[in-house]
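Order of writing sets the chain letters: A, B and C. Residues in each chain are counted from 1.
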Amino acid sequence: MASTTTPLIQVKNLHLYFGAFHALKDVSVDFRAGELIGLVGDNGAGKTTLIRVLCGIHTPSSGEVWFDGRKVEKFHPKLAIDEGIETIQQSVGLCDNLSIARNFYLGREPVKRILGIPILDFALMREKSTKVIREFGLRDNVSADDEVERLSGGERQSVKIGRAVEFKNRVVIMDEPTNHLSVREREHVNELAVSLKEQGLLVIYITHDIFQVHKLADRIVIMENGEKIEDASTHTMSAEALEEVIRQGGRKVTKKEPV
Amino acid sequence: MKQFVRSQSFGAVIGVTVMLIAFTVIDFSGWWNRSTLANVVQFSAILGLVAMGQALVIMTKEIDLSVGSVYGLTGVAFITLEPKLGVPGSTLAALAIAAAIGAFQGLVVVRGKLPSMIVTLAGLFAARGVIYVWTGGTVQNFSEAARNNWLTGLLGGQIFGIEAAIFWMVGLCLVLNVLLWGTRYGNRLLATGGSLDSAESRGVRTDHVKILAFMLCSLLAGFAGILTLADRPQTHVTLGDLMELEAIASAVIGGCLLTGGRGSLVGAVLGAFIIVSFRYELIALGAPSSWFTTFVGIVLIVAVIFNQYLARRAGHSV
Amino acid sequence: MALTGFKRLVGRHTEIGILLIAALLIAYFSASSDGRWANAYNIGTILQVTATLGLMTLGVALVIGTGEIDISVGSTFGMGALVYLWLALRVDPTLAVLAALAVGALIGAFNGLVITRTGTPSLIVTLGTLMIFRGLAIALTDGFSFSIPYASRGKFTYWLFGGGDIMGINTAIIWLVLALVILMLVLGATRFGNRLLAVGGSAASAHSRGVRVDRVKLAAFIICGMLASFGGALEAGKLGFADGSMGRLMELQAIASCVLGGCLLAGGQVSLVGALTGVFVLSSIQSYLVVMGVRPQWFMLLLGVIVVGAALGDRVLRQWAIRR
């Protein structure tokens, strides 16, 4: 892959404390455009905390984050969104009461000036979102004017992923994207994740399920107890070997002195 | 047609139709005459303005109990400040007071993370208290000059033989509908009420959205108070008493769901029309005026159950 | 160290905030009123007001505990008063109180049934019943007189239900204490109490554990209606007459007291003692303004300011307590 280019996101010796709690311990990791990275670890391993730093929700206590060759000085969710970093979560992101087209552009609605008053550009909203929902495999009888309430769980994820592509995001972080989905819907979402990567985006895929993500990912990063304990290409390490690392990691930690 | 049946105001349209048929059938004392209708429509317009503001707040999944007091206080300010500021000046000052109350309540709800029911309940008491303290219970009146001011006429007089309040309501209803359904703010307001977390994840400043909704609500309630007093320039301390209940009832009859994100401004106006019509029909039937309150309560409960049923049929989870 | 202990206390007991406010207010009122506030007669008056509003507030606290709200209590209070006055003169105060309780239970049952059967928001349904029974009360008092002549106020049963004093304190306060003790036992030590809080905390979880959410809510509304109309009956017993506006705006004071006392509007957390302290604070402020000769017009304004101030203060205190 594009491993020779400069990484899109570089995390260098990141530490994060919540009061006395050491949430991230000296984490260093590179993420490149066009990669699909599986971020794996148990609950409380620090993967969500790491992601929240990348999304600008937490500011690191020490260490550096570089984005696209520039050092990140200010951490704020709005800045992350403006830079094209998007998180796709299971339960959040779409408003049931609004149409697909309205949801699609929520927060950055296109407007046309009529008599100097900025009025929503409904034609553009409808046209673009219709194109995307067709591309991303929603049922034929669903139109962009339908409320999101009508959609199944997989279709909702498809809309969110389609939205991320449409807004030319550079980083898509998928937080447990296939929870509560049927087998077929899970496959569809995973296919979409791979296609995002093939379009040159950086995809960070967070999950517990090492076997599922191993099939998709180029690289697996394993977190444990706030530390990165493994960072390996899926070509060099099998899913079984990685699973063993997670087990070992757990044991190694329990042998340490209690925190 | 299907769109219309699924819309939030469908229930209110049915309600108005049924009501008009019923009133025509049991018409003992001439409900269908010009003077009754003119009165009904004028007071529907005034309650409709308050109800539209309430509807906006309900659509953000909050509630504003203070509208009755704000209506009264703004009206009192309009009359009391007139000798010093003139009619245009006192109109602006009164509206500024209303906007400030709305902004303050919104700010406390959003920043203090307190339930809007408690904050606006306190606003109800405080604004009513200011009315008592300010007027000392006395009745204030417009001078002859103020009554004849062009703006007083524009706000409370008649235009082409029709009460000015009706024009104001229709105009504001149009503006607010465009604001709600056709602008960025409207889209974000609906999103805030529908799912606060999702709206925030898209970068929507839900706190700003809510504060602005509270301000619009107070402004509309205050403006309705000004329209009332421009027509009959005489203050009394109970001005707007219990109006919050009528406004909430109008909004709910008009199809606003308390679960947020769904509602109709036209429905809220129709709801106000239903409530005011009931008042006049009861008077026409010779019932004691107190029965009106009872009837509004019954209509409210029936309407909310009916709207709930319609919403479930349309496939909404409520 | 004392601070950490205090922090833990605040974290566990939501009513600490209002108790502190009450203590500060009592100290301030006593010190600044030159004995006009802190005397036996005035305290007795405060307690009488606290008793009738308090009974209503206890009921509202239970309903809030289930995650619903009842704003019809002001009208139920008025209906209780009218029923009591109507029957106390014609039959007997004891029967009149029982009838008032029955009417309160009916109103509560109506609220509860409509809310649980149709799934409509309780705010709207009880707003509807608030208006229905307020209109009814005004209509009734338009045509009939509801008062008991002084001559017939001598009976023991009349004395028992708010119509007399015991050691300078109105008998209503006995009923309030009785209701408080019973409800605290019910909440703390019975299945119903446990389920009530579970329903408010998470109706879905309670349902999944086999709790009949609808029945618990219905019961809470019935108890709330009974307490409100009982409060009304006691108030009527004290005054000996009533008009159609009796109990008006009391629902708002009751809800404010519950919130001040540490009940969560979202449900699942109830403090009966806290709610009653909230009532006491509100009635103390009212009486302070009266004895200090402040024009009564100021009362509503101050009530509004105090409700928001106390709610904010309580929130800040609790956030401080849960912070590490």
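The working rule: contacts are C-beta pairs under 8 Å (C-beta built on N, C-alpha and C of every residue); 3 or more make two chains touch, one makes a residue touch a chain.
Everything quoted here is computed from the prediction, not taken from an experiment.
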The chain whose mean C-alpha position lies nearest the overall protein Cα centroid is chain B
Relative to subunit C, the most remote chain by C-alpha centroid is chain A
Whole-Å distance, C-alpha centre of subunit A to that of subunit B, is 44
Cα centre of subunit A to Cα centre of subunit C, whole Å, reads 51
In whole angstrom, the CA-centroid distance of subunit B from subunit C equals 30
Within their complex, subunit A touches subunit B through residues 77-78, 81, 87, 89, 91-98, 102-103, 105-109, 111, 117-120, 149-150
Per the touch rule, the subunit B residues reaching subunit A in their complex are 178, 182-184, 187-188, 190-191, 193-195, 197-199, 201-204, 260-262, 315-317
Counting only contacts in the complex, subunit C reaches subunit B at residues 69, 114, 118-121, 123-125, 127-136, 138-139, 142, 244, 252, 255-256, 259, 265, 295-305, 307-308, 311-312, 315
Given the complex, residues on subunit B that touch subunit C span 63, 108, 112-115, 117-119, 121-130, 132-133, 136-137, 245, 248-249, 252, 258-259, 288, 290-298, 300-301, 304-305, 308, 318
